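As written, the chain order gives the labels A, B, C and D, with residue 1 at the start of each chain.
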Amino acid sequence: MLIRLAYDIQFDLPCEVAMVTLLNVHPSRAKDLLEPDEVHTEPELKVSSYIDSFGNRCARFVAPAGRLKLRSTTLIRDSGEPDPVNLSARECAVGDLPNEILSYLLNSRYCEVDRFSNIAFELFGWTKPGWERVKAICDWVHSKVTFNYGQARPTKTALDVFTERVGVCRDFQHLAITFCRALNIPARYATGYLGDFGVPVNGAMDFSAWFEVYLEDRWWTFDARHNFPRIGRVLMATGRDASDVALTTSFGRADLCHFFVVTEEETKAPESRTAAEADSSIPA
Amino acid sequence: MLIRLAYDIQFDLPCEVAMVTLLNVHPSRAKDLLEPDEVHTEPELKVSSYIDSFGNRCARFVAPAGRLKLRSTTLIRDSGEPDPVNLSARECAVGDLPNEILSYLLNSRYCEVDRFSNIAFELFGWTKPGWERVKAICDWVHSKVTFNYGQARPTKTALDVFTERVGVCRDFQHLAITFCRALNIPARYATGYLGDFGVPVNGAMDFSAWFEVYLEDRWWTFDARHNFPRIGRVLMATGRDASDVALTTSFGRADLCHFFVVTEEETKAPESRTAAEADSSIPA
Amino acid sequence: MLIRLAYDIQFDLPCEVAMVTLLNVHPSRAKDLLEPDEVHTEPELKVSSYIDSFGNRCARFVAPAGRLKLRSTTLIRDSGEPDPVNLSARECAVGDLPNEILSYLLNSRYCEVDRFSNIAFELFGWTKPGWERVKAICDWVHSKVTFNYGQARPTKTALDVFTERVGVCRDFQHLAITFCRALNIPARYATGYLGDFGVPVNGAMDFSAWFEVYLEDRWWTFDARHNFPRIGRVLMATGRDASDVALTTSFGRADLCHFFVVTEEETKAPESRTAAEADSSIPA
Amino acid sequence: MLIRLAYDIQFDLPCEVAMVTLLNVHPSRAKDLLEPDEVHTEPELKVSSYIDSFGNRCARFVAPAGRLKLRSTTLIRDSGEPDPVNLSARECAVGDLPNEILSYLLNSRYCEVDRFSNIAFELFGWTKPGWERVKAICDWVHSKVTFNYGQARPTKTALDVFTERVGVCRDFQHLAITFCRALNIPARYATGYLGDFGVPVNGAMDFSAWFEVYLEDRWWTFDARHNFPRIGRVLMATGRDASDVALTTSFGRADLCHFFVVTEEETKAPESRTAAEADSSIPA
C-alpha cells in the first residue's frame, strides 16, 4: 500500500521568529519513503535538520515577518496492516527495564503521574497486568472522554481531562499515558499521520496523536481516542507528552492562518508521477 | 581546596522496590575526584550505573523489603573559587542556539512556561537582555519568595511559587527557570552539594538546588535562593526541572527514615586517610 | 428611555430535572418595570419565585424530559444615563465597612483572592486608593485580556485568566474582582442585560457581566470588559462571582439548544402595544 | 453534661488591622450556655457583634500594631449524646428542597463540584441514595485520606485532597462535601469544639471541622475525619466551606504566635466556680 502524505501550514508572523518543526516522518520509517521528505518554506529559508534527544527528526529555521508557508508532500510504502495486537505481552518489572526506558515512567508537563497514583490503582489495580491492563485503561478513557474540538486548550493536563471528560486526541492519550505510568508501565506520546483507511471519513483531516506502551521488550501502539487497531499510521515523533513533540514551536508570536493535511492511498504507481502532479496535491 | 562529601540516606521498604538514584558526582567533575564515588547499599545489592539522556550518572538497583541504607563518602578537589560572574555575557538568539539547547526553552513538569509568557515579559521585558536580565530575575525571586522547609510539597509548580511566595530551594529555582524560558533564555535545573564555605551555618546540611543559564556559548551557574556567588558547589545532575533529577526515585513505596548529608573542607592531605577514618564520617 | 428585554432559551432534557433560574430583573429595578416580568415555560410548569441570600429574584421548577423553552419579554424604563462616575469616591477602611459587605472581600469559587495578594499589591499598590485604583485595575485587565468566545470554559478562574489572558466578559470581571478584593476593596459580580446603545453592534446579543465595587457608602458599576460608562444596563443579579448567579442551574443534564436575547430601545409608547406584538419579538 | 470551652489565640500585628472572628458558639446553641460567651481582647478593643448571612455570630474589631490576645472561656450544657444516626433518612429531590438549601449544592472556593460530577457518580452512583450514600462517601474519604498536620495548606481544594490523599480535618470534610453536592445532596461545612469524650487523647487540642448533610427535612452531622458518632460537638459556625467560616480573618498581616484551645467536661457544679478559677483555665 502506498500512502500520499502532504501538509500546507501557514502562519502570519508579526516579527522575525525562530521556529522548530517536527513535521518529518520519523527516522524509523525513513526506509519506507519513496520520495524526499523535506519541509519547503515560502519564503525560501535556510532550514537545518537534526535529531533530538528522543530520536525525532527536527527542522529549524528563522522566518522573517510576514506570511510563512510550510509545505511538503511525500510518498510512503506501508504494510497496510492494522496496529499489531499481542494479548499475551507482559509487563516488564521496573528493575528489568532498559535504562533508556525509565524516563517514560516519570512526570511530564501534561502527565501529572504523582497526582494519579492512587486513582490509577483504584481504577485498574484489579486488572491483569500486561496488555489487558493497558487495554482496560484505553477502554476506560475511550468510554469516559468525549471528543470535542472546541474544548481543546494548550494548557489542558491529564488531570483536567480526568475531571472535564472532554478533549481532542492528545487529551485522550495524555490521560491514558498518565494512568499507565502511575501503574509503572512505561508510556510515551506519539504523533503522526493517520488516514481514514477502512473507517468512515468525518470532516477535514488533521495530524493525529496516539501513544506507545513498553511491554515485553518493545513499544506497542495504543490509541485511547479510536481504541481499535488502525491501518496506515505514519509516525512523525515520540516524546514524553505533547510538550516534547509540538509539530511547530515558535519562539515568538506566530498566528496560524491556514492548516491543511492529507493522508490518502495512492493508487497510481509512484514511478509515473511527475513533480507537477505531486505539487498539485497541495492546495494553493 | 579539598571537599569531603558524604551522605547516609535510609528507607523503610514494605515491599521489594526498584530504585534509581542520582547521587553520584556529575561526570563533568569526575576528573576532580580523589576517591571512588560509588553508592554503597546495605544490604549489599547489585547496582548498575548508566548515563541518562541529560548526561547524568545514575545508579539503579532492586531493593528487598526492609531497611535500605544508601551511603557514600568521597573526596573532591575544588578550585575554591566562587561561581563565575560575567556581566557582559549576552543572550544567544534562539536561531543561533545549538540544537541540544533548544529543549531548555520548553515547558516541563514544574515549569509552566506557557502560563508565564505575559507575566515574565511584564516583569522583566524592560531589563537589559543577557546577564543583567537573568540577575534581575534572580533578584526578584530572591526578594519575593520566603524560604520555609515546612512549605515544601512534591507537586508545587512555578505558578504555585509565584502565587504562594514561599518554598524551598528547588521552588526558588523553578520560578527563576520558568521566567528565563518564558523570555527565550535557556535554563536548566541543577542539583548537588553546597557547603557552607564562607557563610554562617544554619542547621543541618542538605543537598542543594541551583540553576544554569545558557548565555554566550556556555552554561552559567545562578542561584535564586542564595543569590550570590558561592564557593564549593559540587554538581550532581542537571535536567529540565526537579522531576528529571530526583535524587532517588522509587517505583513503589519507600519511606524515608534517615537523611544525612555533609560537605566540608578536608584539611588533612587525602593520602593520609585510612578507610576506617573515611567510614567514621558517616554516622551509624 | 424605554428598553425592550426578551429572551428565548431552550434546552433538551433527557430526564426530568430541577432547575433554578436567575432570569428576572433585579428587585432593585422592579419599580422601573412597565410590563410583568415572569419566566414563561413551555411546557407550562409550576414555577415558584423566591429571593436568594444575595437579594436576587430566583425562579425554580422541575421540568420533564423533552424540549424545555424558557421565554419572557418585558419593558423597562431607564434613565438613559451612562454608568455614574465619581473620581473622588474613597475606599472605606475595612473596619468601617457595613457587616454585610465584608463577605465581598473573601475568596470565592472563581476568585482566588489568597493567591493574588502579592500580585495585586505589586501591580496596583502604588496607585491612589479609591476610584483611581479600581480604574487602574480595570484599565490593566481591559488592556491585557483579549476577548474570545471560543476560549470560554466553565472552570476558568481568575488565576487562569491572569495567565491565559483571554476569555469572555465574565472572565474579565473575575480577574478585576479578585484584584480588588486582594487590595481590601469589596467587589461583587453582576449580570444583566446590556444593550448596544451608542456603540457599534457586533454580532448576536448575549447577557452581559460586569462588576460592582463598594466605595464611600455604596456600590458602583465597573466593567473591565468594556471599560467605559455604558447606557442601559439592566441588572438581573449580583453575587460573589459567576458561580452564585448562573442564569440557569440544572441539577441534572440539560443540553442548551437555542439561545436568544435581545435588548433594544422601544420607540413606540408602551400603552399601544398588544400582547401579540410583544410575543412577536420572540422568534419561534 | 457540662463542657468547659476556652481558647487563647495570639497574634503579632506589624500594623493596625481589621479582623473578623467566628469564635462564638453558634446561635443555635445559645440556649445551652451557662456563662457569657464573648471574645476578650487584650488590649481591650471595641468589639461589635453581628450575624452573618449563614446565621453565624461574628465579632469584628480593629486591632492596633503589637501583640493581640483573643481569649474566652464559657460553659455549655450538652446532652452527652453522640451524633444522631438515622439510617432511613432519605434524600430530598432537588425540586423539593427549601429555597435556602439550594446554594449548598453549588461550587464554592474549596469545593469544585463541577470537576467532580463524573468522579462522584462513578464512585458512589451505585450506592443506595440517602443516609447510606453519605455514609459510603464518609467511609471512602476516611479510608483513603491520611491525617497529617504537616500537609495542611490554605489553598488546598477538594481536588487536591482527592489526588494527594493527605490533609487535616477540614480537607477530609471538603472532599466529602464535594462528593455529596456532585450527587445533588446538599452539604455544608461546620466548625466548632470537639472534646475527646470517650476517645483516647492524642496531642494538643484544636478546633475541629465536620460537615452537615441535608436529608429528609433537616441537617445531620457527619464527620469524614473521625467517621463515627462523637459526643460533645459544640457548633460555632456553618458555611459552604472553610472560606466562609475562617475562625479569624485578618484584612492585613497578622502572624499567629500562640494557639490554645480546650474542651473538657466540667465536673464541678457551675455555680461554685469563681471568676478566678475560670481564668485559671487559660494559660498566661
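By our rule, a contact is a pair of C-beta atoms (placed from the backbone, for glycine too) under 8 Å apart; a residue touches a chain by one contact, two chains touch by 3 or more.
Everything numeric here is computed off the predicted structure, so don't read it as measured data.
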Next item on the list: Could you work out how many touching-chain steps separate chain B from chain D at minimum?
Entry: 1
Check: chain D and chain A are one sequence twice: same or different residues at the contact, by the over-half rule?
Finding: same
Notebook entry, point to check: Considering A-C alongside A-B, which chain pair is linked by more C-beta pairs in contact?
Noted result: A-B
Check: What whole-Å value do you get for the distance between chain A and chain D if each is reduced to the mean of its CA atoms?
Finding: 50
Next item on the list: Starting from the mean Cα coordinates of chain A and chain B, work out the distance between those two points in Å.
Entry: 33
Item checked: For chain A paired with chain C, centre-to-centre distance based on mean C-alpha positions, whole Å -> 42
Checklist line | Residues of chain D whose C-beta touches two or more other chains | finding: 112, 115, 155, 163-164
Next item on the list: Using the touch definition up top, name the residues of chain A that touch chain B in the complex.
Entry: 18, 20, 50, 52-53, 58, 60-62, 93-95, 99-100, 102-103, 105-109, 112, 114-115, 154-155, 184, 243-244, 249, 251-252
Checklist line | Touch list for chain D against partner chain B, complex | finding: 150-151, 153, 155, 163-164
Notebook entry, point to check: In the complex of these two chains, what residues of chain C are touching chain B?
Noted result: 112, 115-116, 118-119, 144, 159, 162-165
